[in-house]
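Read through the structure below, which is laid out as structure tokens, and then see the notes.
Note that the chains are named A, B, C, D and E in the order they appear, and that numbering of residues resets to 1 at the start of each chain.
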């Protein structure tokens, strides 16, 4: 996917991206300050917003194969199970009840299939939204902070799932997170946002550990990441 | 049993027929208005266009259109010399349904628009992320707004069974044909037979209540327990 | 009504042949079914004919006699004539002679036939107005003493009559601050007059019916009756088929012929005697009233 | 100028007075109903008690109470020999306002309850975290529901100006006193003066529309731009 | 504050706390898996839920002096400024326009006073909700995950603010967070939730580094905290 000369104004804010390449089959991390435009870019890709100028080249990707989980996931006024199977239902696919049960169990929500989704705790709601996105095998998945606020076991489970599906299906992932350790554990490429612009975009190692861009350096200073731990991650 | 009892009490206004006509008219016109109102209301919420605010205001003004006026308009349309004269709708239940639909559609449309403003945008965004098509998106909006839609329909139905001005004019209050419970009440009233009119009114309300209990049974308005 | 009566003779015959063994009851049902198939007569009439129950009483007899089903819309005289003018009804039965004649003159109606009359009366509290036959005395007193008076003010036959009387007497009711216009039908106007303990010009039929049937018994008494000025003539007019070919002229003619027949005229003269102690209408078909 | 023009067109029904009475009645009864309806609707939403579902259903049934029936009830209460006869409300604008209030309150109450179900619980939780008192909490709920409340009031107002059944019966359509625009239209209709009735109806709608434009001016229904 | 024999059932879930002491003037951290009852406890303290049995001793604390920021903060349909001054207004206090401006600037939201609060990005919304809680000086503040999903600069700013107000006003704080580094940086005492029960409750060092409770050890295994960094925090 290529983003070319994209410009979008919302209120006072302007998102402006001259050129951004989103390689297929990679896990991309978007980082940057609050209000720097990360979610706005995802919405543009998702077609929720339309750009003022410029365009996005989907390169054969069908809009139905793209999905996005939101920072505040929208849950249907229905049970957990109905929420998870919704994207399958509208595709006429038969849901695999057992697999969904297994997913729920793996992230500590065993037996909650029939609970009203909106009565779940907020972390549990995020998990439902993640499982919903995993179940229908989209080719391009955008995760907007849905992995934060989860307990460590669940984070581990979903990270494994993301890596596994990418392996098997070769699909593309795009994550927003303010936890740099998430980003460091998962991403192949990282794109750093600053006030509506992408100030750096490149391989994770380069951006996270060897950046020369002052905004990026300032942003990363908060959390001390260990490059040696990063090296070990693919073992 | 009940039928004969009712007939005995209100023998001279043709109550049994009036009940039949009332519910036939109310159910049909509410159904048509619900379909039109929901489609128009959601469309109005969905699309932005110049003059939209004026359209919304006109919609809201039409929610208060006097039934007599609608009655007059429908009369003038459906009379033999009128543009729809060929359809022979005057003094028929179909004509009454037409008038009622004109009255109720703006009400349902206005309510759906107002509720939709709060609910639909988020659902539409969600539907997009799920890859839902246009039809599926709209079905999902209906599903997520089901309580509000049910309420709008109940309101429309209430308006429909209670109306008298338009129905009287277009239907003609013809005994056994176009007499409804409300026009029967009006007639009883004009004859000074107040308690019988009142009894008939209460009968109407009781039946509306029972119908709603029935509808509620399918609707299962479970108290949502959201975790804020 | 030639075509119509031919049909009515033909059809029962076929039915009889088919189901000759039917009991008396079944035949009766069949006949009334026949009536419905034969057609409907749509009438616009004034509230008084409906409110007194006269049409409820006559309609089944009409159907039995001629096979037509009588449907009616009871509205104000003005509205009834308007429906006739628009060709939406087949026949009108109203009481406003001048308007009726205009209706015929304008070509909307075929011919006006007088059917019956009842009379107007003035009702109200017997204090301070004394019971009299002299309408002039009553109206004069009302105006002089500024007594409450409820007028219909809806341009109906009754209303026109009342206005006419004031005018004939050279009086202007607007001078009475307690003179009200209710803008409603006779029944509602009577109730209002009762509520306000006011005087009111009404037709006798509605008054008798209200006095007997209304839940809130009317406290109004007749204070003036019998003045020659107070006759209330009903006329029936078929809507002109030349203007509106769609109207059911056969049925309308059948109705006129039927209601003007001696037999029915007699029934009209008897209507209400049993219930109210006096007749509500006096038949006078064939006169030039 | 406009006044005389209008009076000329509709000279015989007393149009100018009718306009005055209509708006006096509609504004007053809508105001009272809004206060009652909002308080009752929010209270119904707030408190749980056994039989609440039935109360909600009764509320919804009463939204469809035929005006004629309300007219009859108020008539029988306020007539000379009725329990409220002493108040001399029959054939007065005050009596009409009473009848209208009975008709409109359930409508506003039902709408507020339905909207409130969606909005109020979250606001109440928030108000608690802010340390707001009871009154402040309720004011905040009103503030957060202002578009919906406005819509409910517009609906009630529309119902109020368009009503004819109850107003005719209780007010008596007395020229210059209790004649409203709708009862005037009814009268014109019964006289067969259809086009004039229609014109008056359109005049009523135009005035309702203008009134709404005025209200919208203070209401500033800015399209919320939420970031989902 | 003391929590005594508290029991609350919501749906299938039961929160049961026999005895929990919340010392005044401390910063308390609540950690535990998703759906373990952390938010439920806060709601009980806030009086949003009422316990089925047992009670909470507020020890002279007025309910108006307690506040709570939510995981999904409720923002009024109004501007940022109106949102922040709401608790002041209902107390009849004059808001300090400059101070609010300074707060906004410090967390990267300079000049956004008049923007519609609900049009902000989700991180910015959380900041508004934090500033709103800071501005009216409550004596007991509960922060339910509102510090996650913020950019590093803002996290630093709010952490400093929390420590500073605690210092000056001696008020009590209670934080929920799934980021153990937050907890380690701020909290004096930590309470660990597991399936509706508090399985350990004690000084931060003890719980985070020397716990013997198996559930706690399992929970903490995900993130490797350095005790030496913890030692340095109060310098």
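The rule is short, and it goes like this: a contact is a pair of C-beta atoms (placed from the backbone, for glycine too) under 8 Å apart; a residue touches a chain by one contact, two chains touch by 3 or more.
Fair warning: this is a prediction, and the values are worked out from it, not measured in the lab.
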Starting at subunit C, fewest touch steps before arriving at subunit D
1
By Cα centroid distance, the chain farthest from subunit B is E
Computed distance of Cα centres, subunit D from subunit A, in Å
51
State, to the nearest whole Å, the distance from the C-alpha centre of subunit A to the C-alpha centre of subunit B.
46
Rounded to a whole Å, what is the gap between the Cα centroids of subunit A and subunit C?
81
Junction residues of subunit E - those touching two or more other chains
10-11, 39, 70, 72, 74, 119-122
Listing for subunit D: what residues touch at least two other chains?
76, 122, 125, 169, 186, 189, 194, 224-228
Using the touch rule from the top of the page, what residues of subunit C touch 2 or more other chains?
184-185, 188, 216
Residues of subunit D defined as touching subunit B within the complex
53, 57-58, 60-69, 71-73, 75-76, 107, 110-111, 114-115, 117-118, 121-122, 125, 147-148, 151, 154-155, 157-165, 169, 181-182, 185-186, 189, 194, 197-198, 201-202, 204-205, 208-209, 212-213, 216, 221, 224, 226, 228
In the complex, go through subunit A and note every residue touching subunit E.
10-12, 32-35, 39, 71-72, 108-109, 115, 119-124, 127, 145, 148-156, 178-179, 181, 219-223
Using the touch definition from the top, list the residues of subunit E that touch subunit D in their complex.
46-48, 63-70, 74, 76-77, 86-87, 90-91, 116, 118-122, 125, 132, 138
Show me the residue ranges of subunit C that touch subunit B in the complex, using the header's touch definition.
42, 47, 50-51, 53, 56, 71-74, 86-88, 184-185, 187-188, 190-191, 209-210, 213-216, 218, 244, 246
For the complex, which residues does subunit B have touching subunit A?
122-123, 125-126, 128-133, 136, 140, 143-144, 224-227
